[in-house]
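Structure below; questions to follow.
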Amino acid sequence: MIENEYAFSIEMEVRDYECDLQGVVNNANYQHYLEHARHQFLLSKGISFAGLHTEGVDLIVTRVEIDYKYPLRSRDRFVVKLNIRRKGNIRLLFEQAIFRVPDWKTVVQAEVTGVAIRNGRPVPPGNLVSQLGI
Amino acid sequence: MIENEYAFSIEMEVRDYECDLQGVVNNANYQHYLEHARHQFLLSKGISFAGLHTEGVDLIVTRVEIDYKYPLRSRDRFVVKLNIRRKGNIRLLFEQAIFRVPDWKTVVQAEVTGVAIRNGRPVPPGNLVSQLGI
Amino acid sequence: MIENEYAFSIEMEVRDYECDLQGVVNNANYQHYLEHARHQFLLSKGISFAGLHTEGVDLIVTRVEIDYKYPLRSRDRFVVKLNIRRKGNIRLLFEQAIFRVPDWKTVVQAEVTGVAIRNGRPVPPGNLVSQLGI
Amino acid sequence: MIENEYAFSIEMEVRDYECDLQGVVNNANYQHYLEHARHQFLLSKGISFAGLHTEGVDLIVTRVEIDYKYPLRSRDRFVVKLNIRRKGNIRLLFEQAIFRVPDWKTVVQAEVTGVAIRNGRPVPPGNLVSQLGI
């Protein structure tokens, strides 16, 4: 999948504290980048992760698959992109990728599955789906 | 202040992801170590940071002074120590230090001031103080 | 796979700063737990992640699959377990799981693929494999 | 000190993963914000923290004083500001503050002392000082 086939994109920059003793961004921080892009996407659709939590609905991740293709280093700029689609009745699937800019080197490709839960149980994402237009 | 003059002590070990591109523990992580020691100390007195939050009381830090004396590196073991005392009617003061083990090199010395708040306002730490015996 | 079929195990405890605004451990921190267990396992075999970096060899993760089964909360104790095996000529595969203790609730199941690189290129893990006995 | 008396400013936004179980930004993350602003300031003067490390010079923090005035929450935007001046022959002092935008509420005030070290020993910051124009 190439870089202009995504529905949402956010540009970010590596902060030095995100790099580990190998001098590259620590693996776990890519999950932070991917999460931040998902939350910003939801906000762009009027859906607040923190606000939902206050209302008793938590969006949670049930599975991630991440391929690490190329490491980011101090000061690198990059974009995090995503598509979203339904997966069965309950789950939402985010297809995400991170590209370094300006050379569009693929850094990470990821699939992230999520569900909405209330009182610890999955709930159909009806309202979310209509807000998301998917 | 020498290492055996503290009321509470917890031993920990550097995890590789806590080191940054200089190969030493990133400054912010020492605050995590100091916080974890404070919370474990409170638990040893029957006080849960997370439990208090659920009851509407948040323990917050209002000021830190941290002297960084010597850096920790991958695999280093260390102890975080603390004393606690009252500071006026509202505030609690933690005197903390981190020592590398087994050579007792001083890593960090810190003073951390905290207050209890409810609905955004400081409350006298009466119950806490009696539980803490200070 | 049940909890006693793993070759290595390390016990840890949730620290409050690892929890996010939902009150549960943030997804990215499970990657930290998994990484820490891998590095401790390697150390138990005489292999230092930081030491290898100094010698010009970096162990890097090329792919993770993580199923999030049940969230950890403040103060939870847990064990991180792993098996390791070869995957082709170049790659190492870690099968990992996190169980809450003492009730052995499955928290996370993960497969983590890694390679050793030198000067940016994968190298056969011959020395590592013999040290690891796999 | 008011918000327009600083030599450098960078605008940032709270990311959800930076909040802890109290729903506010965890104390340690403000150190990340302050560090990121210092490094961006140095870059604006042609000085790279990561680059210096590669050349054998590490800029390290020897002391921080941080007053936490008001907490940041999910989605808050803020600016991190700083002034720099010499402190004796060896040390550099950063006066920093974080303000929430757009209401300019003071979030954090901080003083951060740093030195340059080579081979573990402080070195006079002559080159840095001339590049910084202080």
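Every chain is named by a letter (A, B, C and D) in the order it is written, and numbering of its residues begins at 1.
The criterion applied here is as follows: a contact is a pair of C-beta atoms (placed from the backbone, for glycine too) under 8 Å apart; a residue touches a chain by one contact, two chains touch by 3 or more.
Since the structure is predicted, the reported quantities are computational estimates derived from the model, not experimental observations.
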item: Least hop count linking subunit A to subunit D through chains in contact; value: 1
item: Far-end chain from subunit A, centres as C-alpha averages; value: B
item: Whole-Å gap separating subunit A and subunit C, where each centre is the average of the chain's CA atoms; value: 22
item: Chain centre separation (subunit C, subunit D; CA means) in Å; value: 33
item: Residue list for subunit C, restricted to those that touch at least two other chains; value: 16-17, 19, 21, 23, 28, 32, 35, 50, 74
item: Subunit D to subunit A touching residues, read off their complex; value: 15-17, 19, 23, 32, 35-36, 39, 43, 48-50, 73-75
item: Complex contacts: residues of subunit D adjacent to subunit B; value: 21-22, 27-29, 31-32, 35, 50, 53, 58, 60-68, 71
item: Interface residues, subunit C side, partner subunit D - complex; value: 16-17, 19-21, 23, 26, 28, 74
